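Here chain A shows up in two complexes: once beside chain B, once beside chain C.
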Partner chain A sequence: MNFKRPSTHSRMSEYTMENWVLCAAIVFVVAGKVLQYTSAHHEAWVGRLTQGATPAYKAYAAKLHEQKTLQEENHSISAQDNYARWTKNNRKLDKLAGEVKELRAQVLSQQGQGRKLLKNSRLLLLTLPFLGLKLWKGKEIVYYLPSSRLFPHLLNGTWHQGWLFLAMYPLKLVLSRVNSVYDVSFVTEKLTVFSGPAVGVSLGIWLWALTSVLASIEFVVNTLVLGEKLEDPVKAAKKQ
Partner chain B sequence: MSTLTEAEKRKLLRERRQKKFANGGASSRLNKITGQSDSHLNTDSPLDNPKNEPVLESVPVAKSAPIAETNEVEQPQTTTESENDPQVQLLKQLASMQNEGADSTPDLFSLLGSMQKGADGKEGVDPVMEAPVDPVLLNYHNYLVNRLKAWTILLKWIILLPYLYVITRGAETNICPSSGPLGNLCDPSNFFMVFTSFEIVATSVYYQKLQTIEKNNKVNTLDSNSKIIKIVSMVPEGLLPITNIKGKVVLLMQYWDVLSVFIGDVCLVLIAFGLLKAL
Partner chain C sequence: MDLDLDVEANLHSLITSTTHKWIFVGGKGGVGKTTSSSSIAIQMALNQPEKQFLLISTDPAHNLSDAFGEKFGKDARKVTGMNNLSCMEIDPAAALKDMNDMAVSQGQGAGQGGLSDMLQGGALADLTGSIPGIDEALSFMEVMKHIKRQEQGEGDSFDTVIFDTAPTGHTLRFLQLPTTLGKLLDKFGEITGKLGPMLNSFMGSGNVDISAQLNELKANVETIRQQFTDPDLTTFVCVCISEFLSLYETERLIQELISYDMDVNSIIVNQLLFADDDKEHNCKRCQARWKMQKKYLDQIGELYEDFHVVKMPLCAGEIRGLANLKKFSRFLDTEYNPATDGAVIYELEDKN
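Let's look at the complex of A and B:
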């Protein structure tokens, strides 16, 4: 099995992978986290992007303003004293209510389109490229573990080859048994299963481990530092 | 009498009435009802009688007299008696069951089982889990469980990171002696065994603390929070060819909980090795 030997002159060069792949992977992970933390602001961004200058939103805002002024006027005048004006305003208000409803529906559909646009752009710019990178470079080794004796063979193979190893290892065992009876070497040659001395961590496994560790750190920080303290409801009831 | 006209009849009646009033006979009917004159009427009022409430009493309440007014009072009393009878019968049956259990098989477990059936009824299986949990208490319980989990993760990592440093840089920095217990600890071949033992100890301590919290708050964390358990508990018993499906799912989820904690720590180990290589 071909793998690159780590060089010894500097610590950073202990990473066997090309720098751009590692940097791109880190950028994708960071971008994902940023989007996760700013999810509360996504609606505001969508609003600013789609509503600011659209004619439908402007017309909606204008009609809403007109409706509000008419309502204020109607409240200020007496229905009995200025009956004609009051009823005229009322008729206008009814008509405006219908128009406002229509325009609101248009604005909401635009908002929906904006949300869809954000979702699609996230898919195209983040999710798909990240997936592509993982599929293309996922099997490359990021760094080597200090020793091959740290983990059992099954885990060593998984770190080195990815999750596929867990499926291929039992298959290889079965085939090697079969090979002693029938010649199935044409199959076993194609199955490259880890068996080498040095154990490395592949990109796919490293990204999985990184996201898991980040999630744990988030959980600890959110719970212990940022979480609000709750009082025991039984004790609180007794105090009262 | 038929020869008298209507007017004459009315006049006759009026005269008789006046005579009666003059004699003081008008109050006789009233006195009969209230019992001031010698009367055979029953004057007991249903309001005076507390035994009309549905309690376990089979003592007959009132003497029955064939008078229309008292019949209505009688009927609720007879119905309570009829209600009381089944309850009395049920208690008698339960008492006999207990006695039978004691006589036929002197088995503690069957006694406990029958007592529990008598006492709790349907809730005999899991009284804590069947009762709905107060949302405020559940919130507080989840808060405590999350804090326990976070502290466990933090403390485990604080212990693991120096150990990982020693494993990777031990040879270079001369921390590890070549022999002795510390030397064995620093040997990479022993790493997985030490790591797994540490995980087992930490997980046992965590589960002990979790059970203390669950006992204090009387809340089962998985039962109350897991959507999967809620869905599975709605599946009726005979639908799938697996008995006690909820119990098995709960067990599986507990094992998965332990495994996910272990996997989380293994991920830390991998990342820490990478960082220690870079730094």
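Let's look at the complex of A and C:
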């Protein structure tokens, strides 16, 4: 996708959107949505990755199995007729209870480490790069609007330069007043506030619009298709 | 190397032990704890005449006096007919009354204000009497008093103290006291370290330094804890009868004692019928009960292989009085043989 700068747009963005930027942004959005919808399975994934093969988890599972077997055996025999066996089992169960408690603490600690690993991975591989991309390429234009007369000036500026435009606009007004009395052009020149005739949609705004549309679609689908149908309230019969 | 792992079915090693200072005898209610503790005390006193022994009952339902057929009180008194065995019964109610009387007498003309005045007004007995586990605490105080006396070389000094303990729950609470108290004093020490002067003024000007008293108490408690967990100095003798619930409670007691690092390697099984060898009095009921007792005895053997399991017979009458106790207690030193010793169970002098 190459966006050529229209020749008539003399004061439009200096940047040209490159394909990889848009692709990377879409990948981040999709990855974020995938992680959002699979959050229920994250524990299991972390468990498989961090516990399944660890000696503590294997020992924990084995001890739990042994505990269950002994409990079942003790429930199946008469304590009075098999007192020695029953008591020996109880001693083993007491010992096992301590071991299981210790192993459970180890497994939980490993689980916590796994959760932390997942959280950090998400931060390092998704959140931070996505934020970096938005900061770095956020002002690049994804496409130009066919006409600059579609939206009011404020909105045009916002689409073109992102949310920063809204923040800078009042400052620009104040500075223009000041400039008329004192020469502060050395400051105003630095503030590249949109005022040109060609209006484009910057990456930051495009991503905001994309995620908003996706969220709205999700809401509609969840409400109309996936949501549980509520039963109509029962109307109380009128007293005669 | 051929190791002989057989453990004697008697308490000879304990009875002749010269190192033990504290011997606890405990078990479920009604299994013969008092008879067993009295028997151990008598046998030890007979075997080691050069030493002094003290038998203390910490059971709120005292029956040492009944067992020996003479009245014992809160102060140690020698058993008539034995010059190296003394007995005492700790009476929580009487001890509390003493504490209260002492507080009132100290308070006469005091009027120093503070907490001490309130306690001297008789509130001490009310306060302490309502504390759960006060019986155990008083028994514990007796132990501390005894240790202090030994350290200072004052009054009667005893080489070995035998405790006729209360039923299992009370005893376990008593044995937990050194650990619990140690932890409590540690915490309290931290607080008094910071607020010591303020607490002293709160208690009234006539009182001594609380921190110093607490440190002394802590040192005593630590000494007791160390002695109780030393197998050369302290041991626990479990008493039971050959029935399910008694064995179940004995097992619980043993496991708890092991968790406190206390030495326990002796079990006295009381009230056995030995009906096979009793040709003269061998009714159907006795045979049936003996069959049941044998079943549990086998299980005891399997469960406590490394314990001294002493099997004691059920006697025809109550084992009361020094003479009867002496007769009965010898089976702790040399195991009872139903074939040759059977007559003893009908020979007890009637003390009822």
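Heads up, the rule we're going with is that the second predicted complex is superposed on the first by the 219 of 240 C-alpha atoms of A that agree within 3 Å, B and C clash if a C-alpha of one lies under 4 Å from a C-alpha of the other, contacts with A are read in each partner's own complex, and residues count from 1 in each chain.
By our rule, a contact is a pair of C-beta atoms (placed from the backbone, for glycine too) under 8 Å apart; a residue touches a chain by one contact, two chains touch by 3 or more.
Remember, predicted model here, so these are calculated numbers, not experimental data.
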item: First (chain B), second (chain C), both or neither touched by A:S109; value: neither
item: Chain B versus chain C as contact partner of A:S121, first or second or both or neither; value: neither
item: Winner by number of chain A residues touched, once chain B and chain C are compared; value: B
item: First (chain B), second (chain C), both or neither touched by A:V142; value: first
item: First, second, both or neither for A:I205, with chain B first and chain C second; value: first
item: Which superposed partner A:Y83 touches (first chain B, second chain C, both, neither); value: second
item: Chain A-facing residues of chain C, complex; value: 244, 247-248, 251, 255, 296, 298-299, 302-303
item: Footprint of chain A on chain B - complex, ascending; value: 134, 136-137, 139-140, 143, 146-147, 149-151, 153-154, 167-168, 188-189, 191-192, 263-264, 266-268, 270-271, 273-274, 277-279
item: Of chain A, residues touching chain B in the complex; value: 11-12, 14-15, 142-147, 149-152, 155, 159, 201, 205-206, 208-210, 212-213, 216, 219-220, 223-224, 227, 230-234
item: Chain C partner contacts - residues on chain A that touch it in the complex; value: 79-80, 83-84, 87-88, 90-91, 94
